[in-house]
Structures are given as structure tokens and as C-alpha cells.
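Scroll down for the structure; my scribbles are underneath it.
Labels run A, B, C and D following the written order; every chain starts at residue 1.
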Amino acid sequence: MSGNTTGKMFKITTFGSSHGTALGAVVDGCPAGLKLSKEDIQVELDKRRPGTSKITTSRGETDEVQILSGIFEGKTDGTPITAAVYNRDMDSSAYKALRNKPRPGHADYGWISKYGHYDYRGGGRASGRTTIGHVIGGAVAKKLLEKLNIKIIAHVTKVGSIEAQKVELTEIEKNIKNNSVRCADLEAAAKMEELILDLKQKGDSVGGIVETIVLNVPAGLGEPVFDKLDADIAKVLMGIGSVKGVEIGAGFEAAGLKGSQMNDEFYVDNNKIKTKTNKSGGILGGISDGMPIVTRMAVKPTPSISKVQETVDLEKMDDTEIEIKGRHDPCICPRVTSVAESSIAVVLADHLIRAGFINSCKL
Amino acid sequence: MSGNTTGKMFKITTFGSSHGTALGAVVDGCPAGLKLSKEDIQVELDKRRPGTSKITTSRGETDEVQILSGIFEGKTDGTPITAAVYNRDMDSSAYKALRNKPRPGHADYGWISKYGHYDYRGGGRASGRTTIGHVIGGAVAKKLLEKLNIKIIAHVTKVGSIEAQKVELTEIEKNIKNNSVRCADLEAAAKMEELILDLKQKGDSVGGIVETIVLNVPAGLGEPVFDKLDADIAKVLMGIGSVKGVEIGAGFEAAGLKGSQMNDEFYVDNNKIKTKTNKSGGILGGISDGMPIVTRMAVKPTPSISKVQETVDLEKMDDTEIEIKGRHDPCICPRVTSVAESSIAVVLADHLIRAGFINSCKL
Amino acid sequence: MSGNTTGKMFKITTFGSSHGTALGAVVDGCPAGLKLSKEDIQVELDKRRPGTSKITTSRGETDEVQILSGIFEGKTDGTPITAAVYNRDMDSSAYKALRNKPRPGHADYGWISKYGHYDYRGGGRASGRTTIGHVIGGAVAKKLLEKLNIKIIAHVTKVGSIEAQKVELTEIEKNIKNNSVRCADLEAAAKMEELILDLKQKGDSVGGIVETIVLNVPAGLGEPVFDKLDADIAKVLMGIGSVKGVEIGAGFEAAGLKGSQMNDEFYVDNNKIKTKTNKSGGILGGISDGMPIVTRMAVKPTPSISKVQETVDLEKMDDTEIEIKGRHDPCICPRVTSVAESSIAVVLADHLIRAGFINSCKL
Amino acid sequence: MSGNTTGKMFKITTFGSSHGTALGAVVDGCPAGLKLSKEDIQVELDKRRPGTSKITTSRGETDEVQILSGIFEGKTDGTPITAAVYNRDMDSSAYKALRNKPRPGHADYGWISKYGHYDYRGGGRASGRTTIGHVIGGAVAKKLLEKLNIKIIAHVTKVGSIEAQKVELTEIEKNIKNNSVRCADLEAAAKMEELILDLKQKGDSVGGIVETIVLNVPAGLGEPVFDKLDADIAKVLMGIGSVKGVEIGAGFEAAGLKGSQMNDEFYVDNNKIKTKTNKSGGILGGISDGMPIVTRMAVKPTPSISKVQETVDLEKMDDTEIEIKGRHDPCICPRVTSVAESSIAVVLADHLIRAGFINSCKL
């Protein structure tokens, strides 16, 4: 089924699976004249790549990108940009034991119901590796957003029961680079790291929350009534594997508030209109209002745990057990940050072109 | 901008605004042969209609629907179904005082940034009245879903700080009909009603949570990687005015869980595969797994409150105050339930056709 | 099935059938700030309306349009513009004899294969009356095109074996107003009228060719490789009922030419680049080059003729005969001109917005 | 701009240019379970490949395809199928002389108007090499169509002034394999070959007509009113480089006919409904009627001729001359046949899935 494309004017089509030949994306709708190099994409892929710290999976994936089309003399030329990462030869023999036994918490069972089969080798296209395509798309989108000085920062604000304290915006970017959890509260970060390592030891995993902040978005983005900016963001974020909830601004807290507490009052500051608070999270009625766009998403614990779990044997149609081996991230949150940034970047690039802030043909 | 259509094979295009001539929807992609009458749509609109209890706005809107096309001899004929509700002549003079003063918590400011104007008469297309289109689309979708015995129930689980106790599924439908808040925990419902009336008195409003449960969805719906079923549901729910958060299954609670707590283990029951728990909320990897689909959305307090609020005068570019008169719902949650049901129905109908569970041409 | 929408940024969704309640269109994606009145649409519908001369059908259709949404204080407001024409109460009893007998040359048989039924009352949605939706969309598009001084002229160049002589562009517009055939060669027009009346007398019909000329299209419209400007124009023109061929520039004549005859050489004229000839018809490689866009379409003779024809009885699955009564246009070409203009206008408006020549939000 | 995708349920996104790293396509929406090998695609690419006879360009392009994704254990797995052809290192120095001089009859000028630059090295993405993507998509589509026994045959019916005589359907397939022009009338084929070689000698080129015949299409394909089957076919055919006209059934001849000559009368043959003639070309009212779908397209002469031509110098904005060197096809018709077949195959696969003749998820 044809659900592998996102965007209307700035379109990303991704392809590939965990154990196929290659994974990648076609970016269609990027205007001509944008400086773009292989390194611009590689640097984003490296943020997503595992094996960079002791809390992520120890699988060594080099994930070197190759650009197949769309660049001419160092710039985008208005035609589709295709980039791919070839999978290295992998031993998928370890996965054979999983055949016909859908892993709890994974897409396997839905997949076989739908397609009549599933790729028992690491989930196939349902694997987290497919987010390589998201990140390729996001890398191009981010270069476009730079032209308008738009910046996206994703950071981890909760892991298990450990919640980070609020940190000044200026500190966030600096701090998240200094810890493997990408949490801006360094004290909490240390505790999170400890918790993750402990669960890794026990063959278990843990969930968390990732917050994203977007700065300098102009007012006026978003298309009522169905393609609202927050609706489109909710879609891409909920579409990231393991995400079970998305909120914007006050989010679920808004359910407990009174109107007089929730409404953001306007004021004029230096001939610019701002709001005193940002409970709305930068989007009102589906349209950006010029304030920072703040979203949070609930990330479930990695479903691949090494504890024995109950499942079914699809051939025998009987109950059985499953034990998942291999090296998996005990907490996917740190790596989700780059996918979240990429996903939001793609939505914004699309809406900026749709609304005419960026010309669709050339810069 | 052209964001007024949702769906790919079962498409809803809505139109109209709070003070224009009419509001409605075109439903394109409904197969031929579905029995559909004006009453089928009216009954759904009546659920959404205000003025039906003391806790909703006392504005009298009759909202009588007229079918303009798509029905032949009592059945859909495969061509676009258009239905419209004519606005009655309304006195919009009361709104004139609001001109050039964007209302806090409303779309006004984003709207003027985008379109160079805004409809100061009750928000125009940003008004809640536009959900008449959603409900028309949902009414048709629900008739289709009936063919597969799929049922959607939305109910209020929280208003302000009052949370409902969990109620058996079989009780929910019965109980919500017996109170104006559409809350299945009748004790909580009484308190919620009291709270709402108190805030109405004080010229304030309050938020809440609406939960939706979908029964009998077949396994295999949803298109990875971007058009996942939960992603599409998140989009339509977040796109409903006032919604600030969407979660599925365990939702934000998942962030605090371990993998061994979150994973739903499979078992065989009467030759059918089920999961022991439903933390995933019926969707895994973006594909339905046959379990009930459970979502919750955070609804902010109605932004139209009668307390004096600070805002700006867009002409003078200076600070000013605003006092919003008129009759508004102090809590929008009860009326959001029908919009939520409709929105999910439309997504499901679309995915059922896309996946071939329902033929796109004829029943 | 959901094929009733055209366009990507400037989208037209049409609805309605020959004997339903109303026909119309939703125009989504028109920027705010365009002056638009009911009269602007009515004047275009009047060009399409039959009964205005002795060579068209004598059915009296007043086709008065009503605007349901999208206009605020005399201008478009950026929200969907909906306009509808209510069908008058019609006697469809005459059609009952046609039940279960597909009319040769009509959509009836394909329709029943697809939808399990067909509207035997004048074709239902397959009727030419559905082009009311095209013309509503075209009327809005034309108002947008006016802003860029773009003009579309459709005229009849052939009816049966009578071919019009080439007429100067300046004369075309003037001349076509002076005859019921909308042919710019007035001598040929007289003969065409005579032929049409003769065939009307004999219960037969005749085909012809309609040429469209678009002036002042900027260079740079069209999106390779699939959404080329000529490809999109070919689609909308071929989609008009009765059209069996579409060509651009030299068209089918190009098949007989050498490259040295076909290529349009460039030259500089007053600091503007032009081509000496226009064999390409204003589009090269799918992108406009600034020269007039010239297309022609082959229109088949009206299939509703009063001669007895052979057909089948779908119930008895046996051969039978059919005699179509009622008043039909003996030559549809004159009335197709307004539909062709509208269809091209819609494509151009869409591409102008896509390419950023017109902002998608506001003028 | 994002025009590189075609299809709604069976979607092809193509990428790449004449002198970039690779060309290819992503096929999204092919159901799982279709046997597909590299060879299935290669065999179609070989039909398109030049250098296979003396009348095509003598450029040696091996065009070996590589499958990057979408195949699991020899079958499609429901995820995007990506295939690419790497360009060999080419010397593009010969093209440098063409810089800033748009070639008559080529996309260069429109391209620079749109994107601010053009790829002077053989047209870049406007090159005929981009049809590699079409053929990859077509190869997958054809495998799907085989399941329903649908067959597409494209052959050349005219080159310059030489017209082929009508040949029995059964003979066409056999005969076109026996000559380099792919013309089924072998006498005419010999003359066409002679003409093409003569013009090649003279540095000129020539146009022609390609006819396509599709057998065994079920009645009921096509979505009124905008996504009619003939409209979608017209779009893809007109979108092929060099095509200036498309007709179906009687096509432009219909303009000269009377209704009594044009209408195809129905009859019952062995409990199946057929038409005595096929003037409509298998599509009535935009929906297939079960008869063979017959289209013809006018192909202009290759614009790359070695004769000196007048053009402009874009930098100096002055008149100049251009002499195009290199090896070009003097008549592109024979090679267009495979692109035409592929393009129609993609449209049919899409409509078959849309209408439910083929399930979108699995075979």
C-alpha cells in the first residue's frame, strides 16, 4: 500500500528495510539553488546512528549515505534528490528462530494480517532503520529552514520515572551535546543513564518523553481545516515507531485548566505581536502565531527485550514463548530526537512552500 | 489554501463558516449501494448541535441538513454526496466590537497573518461550526462501518480536575446517554456538570479529556510508513479545534513503563489471536491488530470567556483589552464527542477502502 | 470512487447529476482578497447554458447559481468557495423506457459495470450537465488569471467536413460572438450552422474541433516529469465528455515533419526571448515558454440521436433496439468552448500557485 | 517542484538525470506476493535501450538495473520497490559549447525560466533518459497486469509521410519484432527505415505516430469526472517527451463523423456484451467498456539535429547560432513504444487497485 510519501509540495518518499539492499529517500519539491552536499546529510544520519554511546545498541552500523540524484554543481537543481544508505551484509540467521512467532509490541502480527507475510529479520520495513529515510528528508528540509533562520531542537525530558527540570532555552542545545541521553538537565541525565544501563543489564527497556522546540517560525503557517500545522505535526510524530502520544503547548495539562488560565494574552513588543505565555505552543486554530512551537511525544519502551515472553505460533495456531536475542536499544528516546527533528523539519518545509514563504521552484 | 479535504479514497471536503450562507461537506469515494437518508445525517448532526442541555451554549441552532447530490432511489450512487446546513440569518452586529482585536486563545491572529483578514464574526471558518462538515462526513462513514459491524464510542473521562472512574465497556454506551456531560461514570458526571455550571456563572470555562473506543476493526488497517493508522487518527483528532494532545493505548503513561510492562503478549482464543492486555491501543507499528482502538484527546477550555482579557489593537498596534460577549459553551468536551467519532469514522472508512475490506465502487 | 477533484493547490471538487437536487463545485485553494460576485460565475454559466440559439438543445435550463461559502465582504476569504445550481423539477418519466438499455456512445454500460446501476434519467453524473461544476471552477480561476492578464479563447475550427480558415487572433474574439457556432471564420460558420440544422432535422448529430488559445502565460509553468503543463491540460481536456483527442501546437501534423521544420528557433525581441514559429504550442518539455498555448480537441458527435439504434437488454441479456427521444444538441462543440476555457483556466490557476506566481494565501 | 510522482494507489516516483549518478524509480503500492526479479525489469529496460539497431543513436548505454528495496524471497513484500540504473562515467565536455544557448525544440529555455538554471549536459532531467524510471514502473505494473491477462502492445503506424497499412492484431506482435522500426506493416517498415537512415545522413530527424492497444481490460475502470481512464491515459502519454497529441478510438477522425457513424452499437455475444465497432476505443464516459483500448500519439521529430539553428545567447541576450553535435536518434518512435506501454501499464495498475480488481495489500 502506498503510504510511503509525506508532504504535498515538499514530498519525501522513503524506501528500504532492515535487511534489504538499501534504505533511502526521494525528496521531491526542493527548490533549485540550495547548497547541499553529502556531508549535510551524513551529519544528520550520524546523529541517528546507533553505537555511538554505551546506552544505545552496540550494533555497528556505519550508514554512509550516497546521493544518487538531484544535485548539480553543488546545489539542488529542482529535480528529485535521492539518497541511499546501503545495508552491509548482515547475518540474519539469528532471526530465523523468530519465524512465525510475532514479537509482542512489534508490528509483526499486523503486518502478516495485512501483507500475508512479515519480514522476520528484524522487522523489515517496520524496523527503526526505516527512519534513515526520515533523516535524509529532514537533512534537506533543515538546510531549507536555515534560509529562514528556523531552528529545531529535540531533547529528552523524561525517562521512566525520572523527569528533567525545566532548563533555559539557551542552555538546552549546549547541554544535550554533553550527555548520551540528550537531556538538558544534566543531573537528571546522569540518573537516566544509570537507569537505562541497569535495565539493559536486566534485559528490559524503558520509555520516555521527547520534547521538540521550533524557533523563528513565521506566523501564518498551517491550512485549516484538515491540514492544520499541529495536525500535520501530530501525524508525523505519531507515525514514528514507538510513539504513543503527542501533545502541543500545555497539552494534556490543558484538560485541567480554566480558560482564564489557558488563554495566552497578546501584547505589543517592539512593534511585534507576541503572547505573554505560550500555553498554545505556537499554534492557534491550526495556524502558527509566531511563538515557539513546542511539542512533546510519549515514547514507549523498546519492545525488543530479552526476557522470555508469551506469544503464538502462527502455523500451529497455538500458544508458545519467544526469546528475542540480539542487541537492542534499552531506551530509544535519545535516538528518536533526530527523527523527531527531521519529521518536523519536513512538515515545516512543506508548509513554508505551500504558503509561499519559500518559492517552490528556485531560491 | 487547499487544506479542506481529508482522505485518499474516501474523501471529505468541507466548506462554510459561522456566519456565511451555508456549511457542509462533499463526500467523494463512498461506494454505490449504501442506504442513506437525510435522517441518517440529521441524527448525527443533532448529537453535535448545541442548545440541547443547560451546560452547552444556549444559542439556538436548528442545523437542518439538506442533501444536494449523491443519492439515487434511497441509496448512494457512487457519485459525490453533498450535504449542507444553511445558516439562519444571524445578527452579527455584536461582533463588530471585536474587529481588529484578536481574541486570546482563538485563531484570529494566525488567520490575519495568513489571509490578510479574519472573520471577526465568530471566527468565520475557524469557528466550531465548521465541524458540521466533519459530522456530515462521519455520518456517511458510520453507515459504511456498520456493514462491518464497526462501532465507535466517544465519552468524556475528565473535566477540569474531576476524573471519571473506569467503567465497563458495556455500561459506557448506556450511561453516557443519561447525562449531559457524556461521562460514563455517573457520579463523576454529576460533579462535572456542577463544575461546568459554576464556571459558566463566573464567565470562565474548563478543559477535559475525551476518550474514543473503536470495536471490531479488522487486523491489517494502516499504511506504513507515513500513513499509519494511528498517525492518520492523530492528525484528524489534533485537527479538531481546541485539541492539544492525542494519545493511543497507554499513551503518555508508556513513557514511565518498562518494556516488560508495556508489551501486550499474544495468545490464541478460539482460533483467534488476541493480546492479553491492550497497552498498544489496538495499533502496532501503525497497523491495526484486531483489538479495540483506544485513543484519548486533551481538549482545552473554550477560549471564549467573558472575563476581560488583554490583547492588542491591530490597527493602532498597541495594547488594549477585550471583553467577549455572547453565549459560549463553558466546556466543549460533550459536544466534541460527536466530532471525534465522526473524524475517526472517516479515517477508518478511508483505510477500509484502501485496504480492500470495502470495495471502492459498489457494496 | 473519488475522482471528482482536480488540482493540487487550486482544487476543484464537483458534484451533482442531471436529475438530482443540485450541481456545483467547491473551489479550495483560492487565495483571499479576490473580488468575486455571483455575477462573475453566472456570466460564465450563461455561456455554457443551452437554449440560447436554434442550434443547441431547446431544453430550457436557467441554471441560476447560488454561492454557499467562501465570500466575505465581496471578496474571497481564503476558505472554500462553494457554488451550486439547483435543478428545476424535471419530468424524467420519458427516460423510463431507456431503463436497462445502455445507449450506444454513452457511459451507461461502463457505469453499470462499475457501480452496479446507472442513472437512466439522462445519464446522471455522466450527463453534460456536470460541466456546470467545471464552469464554476473556471469562473473563479479566470478571475485569478485576470490578475496576470492571462486570457483564454476557445473557438470552433471544424464541424463535420467544414473546416474554418485561419483567422487573425484579434478577429477571433470579435467574430465568435457574432455566430451561434462560435466559429471565427464567418463564412464557414454559416455553413456549419446550416449543416447542424440539417442533421438536427434528420435526427442525427455531428462532431467537430475546438481550438483554445491562451495568451500571456509566463514562462516556467509545469512540473516535470509527470505534472507537465501539457500533460495536465491533456488530462482535463480529454476528461470533458465527448472529447476523443487532444493536440498541442503542431499536434498530429508533427508526425509528418522533419526536425528542421518542427523546431521553433529563438530570437531576441526587445530584450524578450521569443520563438519565430510556435509549432510547440507554447510548451516545451512540459514547461511553458512564454508563447501562446494552443491546443485543439476532437469532439465526437453527440451520441444521443433519435435514429433507432441496436443495443442490448441488460435484464434479458438479449439484443434489442433503442430510440432516444428528447431534445439534444446536434453538435456539442459551441457549448464545449466554455467548458474547455474553464478546464484550462483551472489548470493554469493551479500551476500559477504551485510555481509561486500567485500566492496561495492572499493576493 | 514536486511533479515526479504518478498514480494514487499504485504510485511511481522517478528520479535522476542524463548525467547524474543514477536514474530510477520508487514503486509504492504494489501488493505483496508478486514474483519479481531483476530480470523482469531488465528485459523491459532493454527494449527502451538505444544502440540496438542502426536507426537508433549509437550511444552505448548498458543500463543495468539494480533493485534496492521491496523484494523479499523473490516476491514483492508490500513495501516500496526501488530500482536504479547507474550512469556510466560520461564525457560531458562536448556539451559545454551549448551553455547559455537554449536548443530549439528542447526544454532548456522553459527550464531556465523556472529553475534559474538548466543542465546543459544533454538536458539533465529533461533528457529522454528519465524514461528509465517510467520503464521500471511499467515493468512492475506489467507483472501485475499479467495476473489479469491484460496485455499492452505499442507499435509504430507512421513515420514522416509513410503510413502503415492496418494489420491484424494477431500479426502485430509477431511483425514488430522483426524490424527495427517496430512497425507491423513490414513493407512500410522497410520504407520507414530507409527514410530514417536518409535523414540521419542529412543531420535531420523525423516524427511519427505510435499506436497502443490494450487487451482484456475489464469493464468498469476509470473514475468520473476528473480521473477518467482516458483522461489519465492522455496525461501520461502527453507527458512523454516529444508527444504533441493523443487520441483514443476514432480520435480526430470523430470530428468529421455523424453520430450514426460514430456510435458503437451493443450486442450480446455468448452472454457477454460487446460493441460491433470500436470507434470509442474501449472507453465511454471515462470508464472502460471491456473492448480493446486503442490510443495513438503524435511524436514530434527529435529536436536534436546537427543542422545549424538560430537561437539566443542568454548571457548576452542576443541572437546567435547553435550546432548540436553528438549521436541522437533520428526518429524516436521505435524507442517510445516501450515508454508508452509502460506508462499505460502504470495507469491501468493504479486503476485496477483503485477499483478493487487487484487488492492493494496482497495478491
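Everything below uses one rule, namely that contacts are C-beta pairs under 8 Å (C-beta built on N, C-alpha and C of every residue); 3 or more make two chains touch, one makes a residue touch a chain.
Everything numeric here is computed off the predicted structure, so don't read it as measured data.
Participant: Comparing the two chain pairs, does A-D have more C-beta contacts than C-D, or is it the other way round?
Facilitator: Taking the two pairs in turn, the one with more contacts turns out to be C-D.
Participant: Compare the CA centroid of subunit A with every other chain's and tell me the farthest one.
Facilitator: Centroid comparison gives C as the farthest chain from subunit A.
Participant: Using mean CA coordinates as chain centres, what's the subunit B-subunit D distance in Å?
Facilitator: Roughly 46 Å separates the two chain centres.
Participant: Measuring centre to centre with CA averages, how many angstrom lie between subunit C and subunit D?
Facilitator: About 26 Å, centre to centre.
Participant: Would you mind pulling out the distance in Å between where the CA atoms of subunit A average out and where those of subunit D do?
Facilitator: Each chain reduced to its C-alpha mean, subunit A and subunit D end up 39 Å apart.
Participant: Name the residues of subunit B that each touch 2 or more other chains.
Facilitator: In subunit B, residues 1-5, 8-9, 14, 79, 114, 125, 220, 224, 354-355, 360-361 touch at least two other chains, as defined above.
Participant: Along subunit B, where are the residues that touch subunit D in the complex?
Facilitator: Touching subunit D: residues 8-9, 79, 220, 224, 354-356, 359-361 of subunit B.
Participant: Using the touch rule from the top, collect the residues of subunit C that touch subunit D in their complex.
Facilitator: 1-6, 14, 102, 104-111, 113-114, 123, 125-126, 130, 133, 158, 160-161, 199, 204-209, 218-228, 230-239, 241, 244-268, 271, 273, 275-276, 279-281, 283-290, 298-305, 307, 309-312, 314, 317-319, 354-355
Participant: Within their complex, state which residues of subunit D touch subunit A.
Facilitator: Per the touch definition, subunit D meets subunit A at residues 1-5, 7-11, 13-17, 20-24, 26, 28-29, 31-33, 66-72, 77-82, 84, 114-117, 119, 124-125, 360-362.
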